[in-house]
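Common to both upcoming complexes is subunit A, partnered first by subunit B, then by subunit C.
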Partner chain A sequence: MEKLYIICVDDQREVLSTIAKDLAVFENDLIIEECESATEAEELIDEIDSEGDFVALIISDHVMPGKSGVDFLSDVNKDERFPNTQKILLTGLATHQDTIEAINSASINQYLEKPWNKEELIKSVKKLLTRFILKTGLDYQKYLPLTDQETLFEILKKQG
Partner chain B sequence: MRKSLNLLISIGIPLLILILPQSVFPFENFTIIEQRVVAIFFLAALFWVLEPIPIYATSVLIIVLELMMLTESSFVLFQDHGNRENFGNYLSYKEIMGTFASPIIMLFLGGFFLAMSATKYRLDQNLARVLLKPFGKNPKMVMLGLMSITAIFSMFMSNTATTAMMLSILTPVLAVFTPNDKGKVAFALAIPVAANIGGIGTPIGTPPNAIALKYLIGDDLVTFSQWMGFGIPFVIILLLFSWVLLAVLFPIETKEINLDIKGKFLKSQKAIIVYFTFSITILLWLTDFIHGMNSYVVALIPVAVFSALSIINKEDLKKLSWDVLWLVSGGIALGIALEKSGLALTAVESIPFENFPPLLIVVAASILALTMANFMSNTATANLLLPIIAALGTSLSSLDDFGGNQMLILAVTFAASMGMALPISTPPNALAHATGLIQTNQMTKVGLIVGLSGVLLTYLMLYIMNLINFF
Partner chain C sequence: MSSKRFLQSVDLDWLKEAYFSNPEQRRSLKKGDVLMKQGEKNDKLYLILSGSLVAHLTNEEGNNFEVFRSTTDMFVGVYSFFSKTFSSYATILAEEDSELAFIDSHQDVVEDDECRTFVEHFMPIVVSEISARQLMAQRVAMEKENTLKKLLQTEKMATLGQMAAGLAHELNNAIGVLQRKTEWLSEEISEYLNEKDTKGMFSFFKIGLKKGQFLSSSDVRKRQKELQSKYPLDNNLAKKLAKTGLTDDELLPFKEEILEGAERMNYYWEIGSTFHDMLLASNHAVHVVKSVKQLGVANVGKTEDLDLNESIKEALSLLKSILRRVDLKLELGELKTISANSGELVQIWLNIIKNGCESMLNSNTVSPTILVKSTMKGRWINVIIEDNGPGIPDDLKDKIFQPSFTTKKDGLSFGLGLGLAIVQRLVENYSGKIGVESRPGKTTFKIKLPVS
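Entry: the complex of A and B
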């Protein structure tokens, strides 16, 4: 069976490990990867895609050395290999202009501010994973622990 | 690891059956075609139980294997090459392929169009709001209201979509319950139970009913209105019973419940066409004896109307549950293979059922269906059991005093919808269990009691139907 991945991107090691720790609840059902730069993340999602697995969600910081988070997410957004990949921008330092860019070019699904609240992060991740699973046409019954009730019901009830 | 083992078993056993010498099988005049049908049947059963692939994919696999192994257009290694001894008769490839568009499938397609348009134009949500109002704020009454609405909707919509809708209405309310209030369990269980029960009410309520219709033909014909004639009273009684059961098992402490469903009826032209077509279709289904169109023909009317007026557009068309349609097609194809190859009759006649008390056969068959449905898809259960049950019903004259084939088929079909003891039993159960409000043992307790009571109630219903000479 194909594997689901969450990619976390942040240039600060300690931030990365805190995110990963907060998301540990998901570890039984998917793989959480930590990347220290956009370039590293790009290589990784390229590899995941060529293995036939799914990049379900990317959680990225904005201000990083090299490529910025918003630029990275914009590229993912344009990439036809990742049409359903969900995107969270998790940052404390984005300017007004960056934020506009994040919405208009990167079509991010969620904007979270640092420092973030663990419950809020988990809730957002669940919601976005649910959307990814249903949009991709995966069998939601196999991923029930990952899903957000409200979102699941909302989408399922539309199917008549 | 477990997955590959499942796959190995599901393929290995049918392969073994295929290569065994014919003399191993305990049937007289056993043909090569029949042997292949046995192999396909075992493959279907194992695949549907162990689920190495999705259940609808198994259905497609059955159809393709039948085409390749049983028809006049089969793969060269499976042809008779002029050697007709013990070969049996080819099946018609057109008939096997035709299962994708059999009248049963069209009936369901019509149902899907109705359900989809109702959801799209928010008829379901708005009806739920209006219908719930008279039940007030007393939690027990609200629960009865929710169960009634769920049951009514699941008669025309899929049980899964109905459950999703009702749970999304319910969850915000349950969040304000005190943590120790057992009423939460009652409410969360009420929805899937009502959805499972409600599906029995109409031929399009749930796929097993439609599959049953395939075998209720000729002298055994049951029309849409006749089905509702016995189905609706059955649903009402079992629903009331479940309501009392849930209220007693899980007493509600909360004194008042405020369900807030937003929205108002759409008044656009298209919405009004949806309301109108929905009502007319149901009316036509109920009055077939007046206008002469059977339920299959009527089912295509909303398909035409909604397509013509772009109420269901081509994007919506892609979202139809084709998987459910294919799941049923595979079942019908399996039934055709069992029947036309003669295997169903051969198998049934090889066991001296005539010597058993006829009522024991009814009980055994329905309990078997109930047990299977608890562990696998209700539709797959019906797909596997009904072809054999129908052959048994038609060949067994000792059943005639009790309602014959019709009675036996209905007993098994109803029992197949009563499997609701586990989260895996039905999609509504899985959704309700995923809310985290219900423990598995609570679901099992309720599911077993309701399921067994439902089977007993089915017997009572069939007994009464026999008394009034329905059969």
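Entry: the complex of A and C
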């Protein structure tokens, strides 16, 4: 079976491991990867794609040394290999301009502010994973623990 | 500043001789005598032969202020005399005993070789008097503006300081509780696990507590693959074990139990490393609050006979972790002692060195080096802190000492933007000076502090 990945990107190691820990509930059904920079994440998603696996969701910080989160997510957005990859910007400090950029060029799906709430994060992740699974045409029956029932019904109803 | 400068083209001596040599037209003033009163008649032009006069003006609001001050070889009564109002706009009195010579409005022209008119004779004087007074007005305006600027800055700092102190006080208790209780809890759990420890799991907790996650995310991935090549572990377990950072040798005693024990090992390690992060984060928070408090409250408690070099060493020891990645050159000279608060001195060095290190590391400077040098020069201690980082961009140079200026925007590393504002304030409190020179590859902070 193809593997699904969630990529977490944050330059602060303690923050990164906290995000990953919050997402541990998904551990049995997908792989959670931690990256300390956008460049590292880029290499990793290349690798995942070449293995034929899926980058389902990227959760990225914005202000990082080197490439910023918004720039990274914009590039992913333009990349034909990841048309359905869902994107969350998780940041403590973004200017108005950054936010506009994030919506317009990176088409982020969700904007979460630090400090984040665990329940809210998990709910958003479930919703976005559901979208990814259905958009990609994967068999959602196999991924039920990852999906959000409400979103699932909503989309299936629309598809008729 | 005097009107003499403008008179170089005129022969003042000739003018004096021609118009102001009549012994009948003299006046002596004792100190405090009034020559003319504001608004009253004056049809005379006076030349000061000796002494000095001062002019005051009372405006409509009743405020009294000085308009000019004149000494030997300068003229008074210029306005009332030449404007033909024959009325003085200011009150002029003698600042000291003075000798004056005068001409009045009926004065005839004294003929010279070039047949110049009376106006031609006196024009340079009128112009130079007006210029001198205008310059004085400008100087006063400038001084006023500077004072106002300083006042505003002081006020800004005072308001900011009060706000900061209030905030710091509020946060101090909350963070203090978190820090203390985290420490207590980690010790208790440590003890508990040590007693209950049957399968050697305590050592995993301890390693986590001591080091936290010291492997980078990419190192974790490498180690995960390595582990998977040695043991039949799935991705998840291999990753968990990799995160602990334990080497093959350290894992050897647990070789038999790795397959079923990896989850537990990671569990204990993670509890430890969580405490590690909590302690780290609360210490950071305590540090931030302390720094903010420095800004708000003038610190008392100076120590006499303080060795400034000791404060530099203390700052360096606080920066151990960041200095591991930077080459440090230390050149501490023999210094006279200073009367200061050692905590404040540490704060100065800490902020500057930390900034330098962070700018070098964030910009991936090749072989980052920081030089800290102290020397004695007369009654001044000079400290130089130099890095080979990218330098401060020109457009930011003016701003680095302003409160709330920061280039650091996120995360646990502290970017309140108060660092250099605090430094400047502290240095100024010691009647010291701080300056910075910066270009790519070399940024130098120079601090001068006077010995008592």
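In this section, the second predicted complex is superposed on the first by the 160 of 160 C-alpha atoms of A that agree within 3 Å, B and C clash if a C-alpha of one lies under 4 Å from a C-alpha of the other, contacts with A are read in each partner's own complex, and residues count from 1 in each chain.
One rule holds for everything that comes next: contacts are C-beta pairs under 8 Å (C-beta built on N, C-alpha and C of every residue); 3 or more make two chains touch, one makes a residue touch a chain.
The model shown is predicted, which means the values in this text are computed figures rather than measured ones.
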| item | value |
| --- | --- |
| Subunit C versus subunit B on the shared subunit A, clash or fit after superposition | fit |
| Which of subunit B and subunit C A:L112 touches, first, second, both or neither | neither |
| Touching partner for A:Q141 - first (subunit B), second (subunit C), both, neither | first |
| Touching partner for A:K157 - first (subunit B), second (subunit C), both, neither | first |
| When both partners are placed on the shared chain, which of subunit B and subunit C touches more of subunit A | C |
| Partner chain(s) touched by A:I48 [first = subunit B, second = subunit C, both, neither] | neither |
| Which of subunit B and subunit C A:Q149 touches, first, second, both or neither | first |
| Which of subunit B and subunit C A:R13 touches, first, second, both or neither | second |
| Overlay on shared chain A, then closest C-alpha pair between subunit B and subunit C (Å) | 13 |
| Contact residues of subunit A, present in both the subunit B and the subunit C interface | none |
| Partner subunit B, residues of subunit A touching it in the complex | 1, 139, 141, 144, 147, 149-150, 152-154, 156-160 |
| Interface residues, subunit B side, partner subunit A - complex | 3, 54, 112, 115-116, 118-120, 124, 157-158, 160-161, 164-165, 167-168, 171, 319, 321, 427, 430-431, 434-435 |
| Subunit A-facing residues of subunit C, complex | 212-213, 216-218, 220-221, 235-236, 243, 270, 273, 277, 280-281, 362, 409-413 |
| Residues of subunit A touching subunit C in the complex | 11-18, 21, 27-28, 31, 33-36, 40, 44, 61-65, 91-93 |
